[in-house]
């Protein structure tokens, strides 16, 4: 009886082994790619996590009426106030070089921070006040424990004297680490400790807005025409091939195109989200057209036929029945295209969105930069503390990409009609 | 030429409530001419000819079954009647096809209006992915056939009753059409077609995706629709053709081999090819 | 003849049904011949066997009926096939009635065994039986070969049977007038002749069914 199944199995053992080998190879490939992904995320998160915390130093400043005119706060010299406060905290420091080091413990932004705090809360005026200001990037490195004190002094960015001063501050509770709100609310800065991503985030958002507003209607319109109305002949084949080619064109080429046409010929303002969005729209258009055509093609022709057989015009049939069914697929395609555009750097460099932007842009006509460009700029910056910022910005970018893909998946789940 | 048939159904303003009452043919000439009449009808797909010189008369308010093996051209002929073949770019019609005396391949004929008068039910039930109500109301909406919400609701109710579906769905009209069973979906499609008051209903294997009970219900429905509509049905089931049709036309390799009363075609066909086909012989 | 079915089992079923009819027909012919022989040379044992054998013929009729029924239910035949599936029921019915007549002939042989009366009528009856047997044999071959001409021919030949029956009738009326003491025997002979005339009608019916199978036209209706 046992022989019954064995009779048919010629070379069965060999075939089974081949199958097992193939399956294990597949699992191995997945494992390797997963490992790379984990390593990448771990290194980025490891590098960037520190951004969440920011070091602050308490400075006692004299806010009496002699120093600051309550009627005219802006006239006061907050810089010298902060310096004076620091000198008071370390009366033993006398040498000019030492003083410079002392002042260097706080960020160059410290004076503005003090001013802002007073502007926000004028009650503080009149008398001595202890205010928290941002520590400098080097001080921050030490406070957050990123300085290896075992190294010889010359090899460190933080000198022994500074360490001594910071140790004292820490002992007295005049130095602390707090949640770094500034990273999310500030624009770019030459000083890593106060550099933030808001300006580039807004730049990206505005750029994507322009990009979506241009490429989605255009892409869907083109897809509907090509898929449903265009006569099928050599011309439409040619167009189809070229759209597919366009999707594979390197993005920098679109940047050059934008540079020569939008900036050179049309004279649109440089470095603005408007032009950036237009260039990215050119780039995402083929993606959206291809995805939308695929979505349209996946709609069973029976709906269109049924509508036509009832006496609907072709446009009615498509807009009433085909489009609603294809919409989730089209939106998914558009979101994937947008995600691609969000991560794009090269074309934006070409049209000048690489500028150093401190102010948060509020319209598409203001100069702006985008998140990936910001990452590129920070990665290029010499200050050691920018490494952390770069990693943090990458985390933000990745978060948005994942979020967009998640929205695409959810949209598809929710809107997809079963038939 | 009689131009009254193919115009937008709006002109038929007071049809609601008294749907499709049979109007006796007024002219003598119409008595002599059958309702749908094909003369030397040829259909080509590109270079390939799908139908050869079809001369077929289809009588008004009768069920005519088109039978034949796959690829024999029966579906092509069916789709020529409401010009659904126009959707295929390489498809070309040559010859004459008149409905109620009007040549439907006349360039002056508006295809959209033609299809409002010649409804179609497809092989696979294909309700729109919308509510049951919306499915039936769609044709009324695009043709602007009703002037108020209540009129529309009445017309939808009437259509669903005509399709024998009202009792099963009247309490869930807002549910999606594809939540119904296959047979109910097909009857919904028939209701949708009936709603716009066509003169002719074409059916392309309407029961091939249904189980025997659903099939029986649809067949019963077809039989009851016969008094108001001219029905042309393509079917692969000879038993079905025999059960529901009054006339049967047998197509083979793009040619019309035989047409006659169903009872004659299925008991004693004139042509040997027909005999071979209906008895399942190698012809 | 006609083309083969796509389903070869269908052809097998139809052929089997046909062969059953032919078998039954042959049995009935033999039965008729032997019953007629018993009229001439009475053998009590033979007559008993003939009477008992009628049950077998009835059984064959039943078997053909259920085979036809099954074929119709399972194959749902159309047109020619439907007629080929339906006609065995009718033909077997006719054959079964012919068989009944053979049985009653055999029974009557008992009654006629002890007398020589009505010799001329008996000879005529022998002649009738021979004619009817050959008609039935031809009807069966017309059935097996779908031969309409042969089937039509049988209708002509039935006239001869009718004529002989009429002759016997008038012969026997005269014979009863001549020899009233043998009246019972003569009446039996009239009934026998009448029975063979009926057999002829059954054979004509079979021929008619053959015609209907092949052409789809019922001759009785069109006559």
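Read from first to last, the chains carry the letters A, B and C; within each, the first residue is number 1.
The definition used in the following text is that contacts are C-beta pairs under 8 Å (C-beta built on N, C-alpha and C of every residue); 3 or more make two chains touch, one makes a residue touch a chain.
Treat the numbers as computed from the prediction; the structure is a model and nothing was measured.
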{"item": "Shortest path length from chain A to chain C (each step joins two touching chains)", "value": "2"}
{"item": "Chain whose averaged C-alpha position falls nearest the assembly-wide average", "value": "B"}
{"item": "Averaged-CA centre spacing for the pair chain C and chain A, given as whole angstrom", "value": "102"}
{"item": "Centre-of-Cα separation between chain B and chain A, whole angstrom", "value": "59"}
{"item": "Rounded Å distance between chain B and chain C, as computed from the means of their C-alpha atoms", "value": "53"}
{"item": "Touching residues (chain side chain B, partner chain A) in the complex", "value": "82, 84, 87, 89, 112-116, 119-120, 122, 124, 126-129, 138-139, 142-143, 178, 189, 192-193, 196"}
{"item": "Residue ranges of chain B in contact with chain C within the complex", "value": "238-239, 242, 266-269, 275-276, 278-283"}
{"item": "Touching residues on chain C, where the partner in the complex is chain B", "value": "2-7, 10, 76-82, 215-217"}
{"item": "Touch list for chain A against partner chain B, complex", "value": "231-232, 300, 302-303, 305-313, 316, 320-321, 324-325, 417-419"}
